[in-house]
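Heads up, there are several structures right after this.
Below are two complexes that have chain A in common, paired first with chain B and then with chain C.
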Partner chain A sequence: MTKPNTGEIDPQESARQELRSYGIGFVASLLLTVGAFAAALSDLPTVWKIIAICAAALLQIVTHMRNFLHLSFSVEQSREDLLLVLFSAMLLAIMAGGTWYIMSDLGGRMHGNSHEDRSTSLP
Partner chain B sequence: MSADISPIFGKLDWSVTPYTDLLREVNSSTIVGAGAASVLVLGAIAAVALLTWMRWWGPLYRNWLTSADAKKIGIMYIALALVMMARGIIEGFVIRTHQSTALGTLTQPESGLVSPDHFAQLFSTHGTIMIFFVAMPLLIGLINFVLPQQLGARDMAFPVLNQVSLGLTAAGAGLVMISLLVGKFGTGGWTMYPPYTGIDYSPGEGVDYWLWAILISGVGSTLTGMNFAVTIFKERAPGMHFMRMPLFCWTSLCVAIMLIYAMPALTVSSGMLALDRYAGSHFFTNEAGGNMMNYANIFWMFGHPEVYILILPAFGVFSEISSTFSGKRLYGYTSLVIASMSIAVISFTVWLHHFFTMGQSAGVNIAFGIATMVIGIPTGVKIYDWMATMWRGRIRVTAPIVYLTGFFLLFVIGGLSGIILANPSIDYQVHNSTFLVAHFHNVIIPGVLYGMLAGIHYWFPKAFGFRLDEDWGRRTALLFVGGFVFTFLPLYVLGLMGLPRRSPTFQNPDFMPWMYIASFGAVLMLCALASLAWTFWTSYRNRLALAVPGGDPWNGSSLEWSTPAPVPEWTFPHIPHVAARDDWGECKRSGDPWKAPQDYVDIEMPANTAHGLLIAATASALGFAMVWHIWWLAALSFLAIPALLAWRGMQVIEPRIVPAGEVEEADRRFRTMMADLAPATRADEETERNRGRPDLSEFAG
Partner chain C sequence: MSERNLYPGLNLGSGHGEAHEQAETTVFGFWVFVMSDLIIFGILFASYASYLDPIGLAGGPGPSDLFDIRSVAIQTAFLLLGGVAYGGVSLAVKYDHPRGKIIVWLLVCAALGAGFLFFEIKDFITQAGKGGVPQASGWLSSYWTLVGLHGVHVFSGILWILAMIAQVIWRGVDDVVKVRLSMLGVFWHFLDLVWIAIFSFVFLVPLS
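The block that comes next holds the complex of A and B.
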């Protein structure tokens, strides 16, 4: 039984602060989402679009963790939370990395990036 | 599909029912279709009539549908699963019957009971129902019922969320059921691979039924996973360390973790396919940069953990019953915990073995093939642990033990055929054949189905206060074992002979003997289903003789056996202080376990609410409206869901207080009754003398 770390809303002291934190998180997430859509619809070069969308996505993850999941680097953070975050990161890495591995291999074999490859492999 | 869409009824009109098909053309296929729809309609009418006749609407609403009690929610999940299982097994029977009449010739290739399109709907609904609306509700229901009791908690961490999850699952199941009567279901199999299921090749409502059933129930399952995880982390009784939890709680934790991380992948792949179909996007289309192979990739990122979501609760059940019914302590507790957790993690690294033949290079296949073989190791460890638990135990051959024995024999065969398939070069030979069909039925039926039915048999007295009839329980178990052997082992042979899975017809007469054997097995499966229903009915009729008010009919060792049967809504009069693994067993060893607690306090229980019911209704309306393009209803119900959440969020909700006096009275009554009950020995377990108070001198677990 570890101590709770989510800080239940206490009407006397921290309710205002808690709500403010949730509010900031909500507005920030909204802006980052709108920003990603704006980037996709804009006239920027594709590379910049992708960079902007990825940056917005990463920032949004951080916002969710900070403002909604109450994770921080402070000492009070419980060990269980750290383990859960690391575990999530590992599984997401497996999924994202695995997808990259599989789909890039398939892509390479589908589109065969050079003519030499194709001519040598044919009988 | 006609281009004009009515603003009020969307694409719905009178031509969508199977009856119109029957009027258009009378043949065996349309008769089967109309017959199934009639069974659905008549069943619904009979249920409504029964509820009205018995005046059960009020009690049903007050005591069940609006209850936030995890135990009742669990029972409702299981009831839903059993209803869906009846449909699934009957569909399986029709599939087998069709194939045994499907021998065609080169000039007249198509024959058989149902038309090819109808056959495709049958295997698609069969798979969808069996995985999402039978196996999942069975295990989620069992966990809901058992987990809080084993942890020493009063309820789940989020009781109302639990209700919402049940509502969403039921909404998905309802959509699949409605597809029998209104319109058609998809024909792309339970995985619904694009591009075939894209809007170009499957323009009708069928795939949409699947999509919305999956999207809605998938959200429910994700929420359930979170609920389980938080319950296990935060609601354990004082002293219940992780390494003191019963094994079923451990496997529930694994399931919770996998639900949380795997279900979103399914929601994403289905959501992308829905966008392709509704919004004209190109995630999985042939043209415009779509890549349908990514669907298989994302789907199986969910799909493989799903396999272990299904099997792990059964492993938990087998851990409990192997120990209880052999009167021994569970062998290798720590190794079972480590094995369960390893399975949970490794199951996220093997998903490519579901599409070895999609065209990636050998190196990629080998990497995932090795991971697949590795996951067999912890599973093997478990089998040996259970066998060691039973070794030299005083085994009582109850129905759960029959299931366990069937599981030992058959699951190992299924596991070994899985190891064979894990080798990509062999997989190339037998993929997409009935060898594969035989393999996954060979792990899912002995694993999930036997495990869940054994669990239902084991915990049934805790829920309803009387045991299930052992003779009928054993007959059911044997029929399920025999039915499995006859139905699915021939499919291994047929697969090696070259019969592709899901084929509505074939031209090789050599298949026929095996087809007939498999059909005979399907008849046995139907008998098993009937026998299961009869078990419940005959036990209900003999409930006085089978009653076990003492609550501990099997001389168990985990906390749930310390309470009366049926268990009161507050479960424990006083939250127990846990001092050991198998705490109830330790209490038995140290003298009188049925001591009354020293004081009684008021107990807070979650108040009844219709929240889950309302969410379920709006979610069903949303799904149905989206399937039939009834946009006004879709928009309305889509907005109603956040409105309902906000409405509930703004209300002050008081818990229901059970006064200490009421708890004390009920508990004292239980204690005095316990003192009067005669202890039943092991030999008396199946007789009327077993009133739920076991002979403690025989306890050895």
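The block that comes next holds the complex of A and C.
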């Protein structure tokens, strides 16, 4: 499965490359973290703040997966590792998203004050 | 990078022979555990989000009464630096640096993790003093469970780091230790990943 190809890669060179990858990951996640906190403290409308925080979080998670956990879509990556992440993300989307949807819908039905809604839902 | 990655985390590389091949199955198995851990965290995030409304708060103290954004920023800095510092461990192991260097990087990770825990526990104590105890509301129960579980993970990560320092000293950096250090790396970086979601969705979104 692994074929020794030490002839092609200079260890010094790949060490430098990997160090750089950690450096890029660090700078990127630092900027994204500072960005998220700055957005939360800014005077923007709440919706924009939340969108900015979510976008920063998503980008930072991708950065960490790429630069620190060394997972990527490239052919150099063992497929199973990534498939497992994607499968877990799908399970999570179904269970966590479903929980949140059902609970907020239930909250709306039980504590909301629209009478039309209640009468139509009764048999 | 130029070599095929067999498992999550910085790979040892074929230069390490046996250890690199052993790590493929062992680290993958550990990755399966980490992903099931992720499901647990995800479900706790879902209950936190569900309780984040006036009914979930149940008249108890809310996010703006309890959360201290400065302390959250300090904790984030500690954990982020701790995660990056593990890169030092991985690179030192991969490129056969002297044992002392591996131990120093491990100590840096443990110290940064301990700094994180110090501020987190300080926050928990302050919040409990303001009436933000887990039994006050559904929202607070989910908050303590989610953030507390992450804290317990960081604490066990620190214990694991200390155990690995002891093994590096007594056993030396043999194949078994190399594989264990690779697993620890995956675990440590995973805790960073969960923390990104916590500081964004648990702290920053409700404060916006």
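Simple rule for what comes next: the second predicted complex is superposed on the first by the 89 of 123 C-alpha atoms of A that agree within 3 Å, B and C clash if a C-alpha of one lies under 4 Å from a C-alpha of the other, contacts with A are read in each partner's own complex, and residues count from 1 in each chain.
One rule holds in what follows: a contact is a pair of C-beta atoms (placed from the backbone, for glycine too) under 8 Å apart; a residue touches a chain by one contact, two chains touch by 3 or more.
Since we're looking at a predicted model, the values are computed, not measured.
*Asks:* Output check: A:Met95 vs chain B and chain C. Expected answer is one of first, second, both, neither. What do you get?
*Replies:* A:Met95 sits against chain B and chain C alike.
*Asks:* Kindly classify A:Glu80 by the partners it touches after superposition: chain B alone (first), chain C alone (second), both, or neither?
*Replies:* Both partners.
*Asks:* Mind telling me which of the two, chain B or chain C, contacts the most residues of chain A?
*Replies:* Touching more of chain A: C.
*Asks:* One more residue to check, A:Asp105. First (chain B), second (chain C), both or neither?
*Replies:* first
*Asks:* Please work out whether A:Thr33 is in contact with chain B alone, chain C alone, both, or neither, and reply first, second, both or neither.
*Replies:* A:Thr33 sits against chain C, while chain B stays out of touch.
*Asks:* A:Ile50 in the overlay: touching chain B, chain C, both, or neither? Say first, second, both or neither.
*Replies:* A:Ile50 contacts chain C only, not chain B.
*Asks:* Touching chain B and also chain C: which chain A residues?
*Replies:* Common interface on chain A, chain B vs chain C: 1, 4, 80, 87-88, 91, 95, 99, 103.
*Asks:* Under the stated contact criterion, what part of chain A meets chain B in this complex?
*Replies:* 1, 4, 80, 87-88, 91, 94-95, 98-99, 101-103, 105-106, 109-110
*Asks:* Which residues, counting only chain B, touch chain A once they are in their complex?
*Replies:* 233-234, 236, 238, 257, 261, 265, 291, 293-294, 297-298, 301, 348-349, 351-352, 358-361, 363-364
*Asks:* With touch defined as at the start, can you tell me which chain C residues reach chain A in the complex?
*Replies:* 1-11, 13-15, 20-21, 24, 28, 31-32, 35-36, 38-39, 42-43, 45-47, 49-50, 53, 55, 69, 73, 76, 80, 83-84, 86-87, 91, 94-95, 186, 189-190, 192-193, 196-197, 199-201, 204-205, 207-208
*Asks:* Which chain A residues qualify as touching chain C in the complex?
*Replies:* Counting only chain A, the residues touching chain C are 1-6, 8-9, 11, 14-15, 17-19, 21-22, 25-26, 29-30, 33, 36-37, 39-41, 46, 49-50, 53-54, 56-57, 60-61, 64-65, 68-72, 75-78, 80-81, 84-85, 87-88, 91-92, 95-97, 99-100, 103-104, 107, 111.
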